[in-house]
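Read from first to last, the chains carry the letters A, B, C and D; within each, the first residue is number 1.
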Amino acid sequence: MSTAATTTYSPSPAKKQQTIFKDLDWVRSDGRGFQQCRPAFLRTGATSAASGSAYAEFGNTKVIVSVFGPRESKKAMMYSDIGRLNCNISYTTFSTSIRVQGSDNKEFSAMLHKALEGAIILESFPKTTVDVFALVLESGGSDLPVIISCASLALADAGIMMYDIVSSVSVTCIGKNLIIDPTSEEEDHRDGSFLISCMPSRNEVTQLTLTGEWTTAKVHEAMELCIDACSKLGDIMRSCLKETASTLQ
Amino acid sequence: MAEKATEKTGMEGEMEVDAYRRLFPLPFYERHLLDSLRPDGRPLSRSRDTSLSLGAVSSADGSALVKFGDTTMLAAIKLEVMTPSKESPDEGCLGIEFHMPPICSPIVRPGKPAEIAPVISKQLEDAILSSGLINLKELSLISGKAAWMTYVDIYCLNADGSLFDAALFAAVAAFSHLQIPLVSLSEGGRVITVSGENLDNPAKELVNKDKRNLTLHSIPFSLTCVLHKNYILADPTAEEESIMETLLTVVLDSSSQLISLYKPGGSVLAFKTTVQDCISHTRKRVKELQKILSEALSDMEID
Amino acid sequence: MEVDRIDGRTPNQLRPLACSRNVLHRAHGSARWSQGDSTSYKTAIVNTKERNTIILAAVYGPKAGTRKGENPEKASIEVVWKPRTGQSGKSEKECELILRRTLQSICLLTVHPNTTTSVIVQLLPCAINASCAALVDAGFPLKHLAVAVGCGLSEGGSVILDPSKAEEELKFQAYTHLVFLNSSLSVLPEGLPHVEGKPVEDGIITSVTHGAMSVNDYLCCMERAQAASAKISEFLRRSLQSQLPSDPAKAL
Amino acid sequence: MAIETGEETLVTPGEVLGDSSDLIAGRGAYVAHHNGKIYSSLTGRCSIVPPLPGSSDQKPKVEIVGHKAHGAVPEPGSVVIARVTKVMAKMVSADIMCVGPKAVKEKFTGIIRQQDVRASEIDKVDMYLSFHPGDIVRAVVLSLGDARAYYLSTAKNELGVVSAQSIAGATMVPISWTEMQCPLTGQIEQRKVAKVN
């Protein structure tokens, strides 16, 4: 088996530049309205080896997050009076339509850290570390917001003290339209994107990223769309946590 | 070792059972073994509840999700096109990789991969090739020009012992779920998939009209046992593997051929009778796994 | 069915064994183990290189345990498998694990807790015999000696012991590597170690197989290899007795 | 939406439990400084505990009970059970396995310094005659320690070695506060023995 030397390619035809997105009225491939999120399936406690875990499925985006700790910080770290948060995101080799070498996503890992850090009561576990590890089983678009929401659920499942849960939603701008919770195909054709992570009950934003060209009016519109969706997603997350908690008793 | 600690140490009163189990794992287990019952309530030779669901990954050509108790494996197969080697122009290739991402166990951390993962990859590769599960000739598309490179990636999502057994079952189940995409040859000489509306009226002739599934010859199944004194514990959990270190893995195929008998050291010696007992436990397990696989396949046909 | 072996041996015949210790000066213990000898079979067809298995094993330690895998109650053993060329990959990792677990089972690990001993091996199977001799050379406390035997199963179903590299490349249906304890000697005849009434040398420490075979074939290999292990075991003992560690400072 | 006394509802992190002017935030609850409201920080049942008769603050306390708490973590003052890993001239290091009666999920590293082994004649302590690798020790957490380890102390009668193996591999029996005996060989070994109640 000499797999290393052989070069291979995926037989799936190269994506054609789809023109429909340029029209003002086009139909999303899954039939959703522009301001409609994919149905969310959430479950906690999938990984027994971890302190807490959660699985999230939004359409074809499937993510598992495990939380370990609070546990001993790595030897090389300095003493700290408050706890530490450590995040890592990796993708499976089959997460996308073309096979990739499964690897860590450093940029997303840093963004996940920023989105969660403000919501965790780090003083409640001095000196120790909480590890949040995510594995993207399938990448179907809006990966980062799904990971962030799923990670917050896993942290709650692990019993880590938090000011509030964190829900996260993104909006993509294609031409004149704002599309919420975009799929990968929609993301590929974006002119700009907007991601918000917030603590719905406290009405506070932990992270906001904006890329591409936006007018002020569009930003306001996107912000409202996202905040509203985050609060709805927050309710779904709470009912998931309560469901697990009630079955435990 | 701490065998004598079974005597009352005077500490048990003040701590929870879990704490005693953590501090004195071997005496804790030996007490259970005396009653021929494991802490999770299983008799020694019983495997954990096993489940299988096929087609869990929509971005793959074949996939399977397997659970042995809490041990969870997700196997997915993706087919890509390769140019066959000159020595074997009519053969495709298999690439098997076992992954233990940091989510699966507290001992794996990013940048610090599990030591066991490449060893299990190698064992899986050996078992699948030795059993002759796949005829590599069936992976040929155009002799000397194009063949399928079959990437089998198995991810451990939750590690709780018997990783090789669960990974092998996930891999063979993913093979039986594999649907080869229909392909044709483009002008540039590349093999491309034909799907959707193009299927009824393909612009080019299909290369592989009647080869959508692979013929699986003899399917390998395995059972790992932990040996401790005279006890044989089938399908051990991670805790059992770490406390009683002697492991023996038997791989048998569907026609009861021995594909592998793997015992990497350990303080307990395997006598002929032990070997025979482990093989007969494996025979029973093969029947169970065969049944689970065929039920999952027939459920899929109904859908 | 009898099969003709390319080097003219009978199926049960082992290649000549040779073992020399203290071959590396900087290591705490070392051994060179070979199976097959360039002078004994001068058959023109086969390149002698292919019929010989030569392994070099070096032992460093016990060193103060600062490495990972350090254990407060036991000594740790680490195995580094050096491939002849290139980087170490999956197969080397597998060999390291098998060898480490095998050596752990014969070493008296309670004598030097919190230490690490490294065994560095270069080249091919049967490394167990070499490592074992190297550990003895290093003066490491052992419970037993281990003896490894390779066993090939020809297409016709007959068992061939100690196949050479050239034979391995020819058609073998399957082959097996088995490791046993060396046969025991005791001053008192009743003092021979037994487990449940069975002599310990009947039990296998390690088993690794390649290729498909029937269960009976495996059990047959096990029996034949066990018988052969007695010969290697005797050789090992003789060889160790004749070469006591040359440097007394090395003895722990 | 203040919660009535005695009523128990399921809450999740971030849910408002009441106002800090009427309630005290107990376990699993916190006061947000920007609006003075009390929020939950854990998932579980919310319960209101009436004030103790004699206490100065007569507000009831709100806390989260029955939640899935994270694994045990050592804190200053907690009694832990640890396994000795290394004995050195000035200190021993030990893996903390239990905090109180609970087993930890993953071990934490602790050290017992020479001055923290016993209460009297602390400069005469010989670490090698007090602990051996593998001993199970009951100790109290002195402080969070340094970057590497928690600082532990056995300087009390009921603290010290609670279980140890002799060289012959048997569990030894304590015979005095400095000695333990092997039941197989009768050999006596020295330890800082914990007094069994």
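Simple rule for what comes next: a residue touches a chain if its C-beta (ideal position, glycine included) is under 8 Å from a C-beta of that chain, and two chains touch if they have at least 3 such contacts.
Fair warning: this is a prediction, and the values are worked out from it, not measured in the lab.
Farthest from subunit A in terms of Cα centroid separation is C. Central chain by Cα centroid: B, whose mean Cα position is closest to the mean of all protein Cα atoms. Separating the CA-averaged centres of subunit A and subunit B is a span of 30 Å.
Rounded to whole angstrom units, the spacing between the C-alpha centres of subunit A and subunit D is 36.
Each chain gets a centre from the mean of its Cα atoms; for subunit A and subunit C, those two points are 52 Å apart. Averaged C-alpha coordinates put the centre of subunit B at 41 Å from the centre of subunit D.
With touch defined as above, residues shared between interfaces to two or more other chains in subunit B number as follows: 106, 125.
Within subunit D, contacts with two or more other chains are made by residues 83, 105-106.
Residue positions of subunit C touching 2 or more other chains: there are none. Taken as a graph of touching chains, this assembly fits none of the simple shapes: it is neither a line, a ring, a star nor a complete graph.
Interface residues of subunit D facing subunit A in the complex, by the touch rule stated above, are 10, 12-16, 28, 30, 32, 39, 41-45, 66-71, 73, 105-109, 144-148. Listing the residues of subunit D that touch subunit B in their complex gives 81, 83, 97-98, 101-106, 136, 162-163, 165, 169-171, 183, 196. Those residues of subunit B that touch subunit C in the shared complex are 115-116, 118-119, 121-123, 125-126, 130-132, 218, 230, 245-246, 248, 253, 256-267, 269-272, 274-276, 279. Taken in their complex, subunit C has these residues touching subunit B: 89-91, 93-94, 97-98, 100-105, 174, 176, 179, 181, 195-196, 198, 200, 202-215, 217-219, 222-223.
By the touch criterion stated above, subunit C contacts subunit D in their complex at residues 72-73, 113-114.
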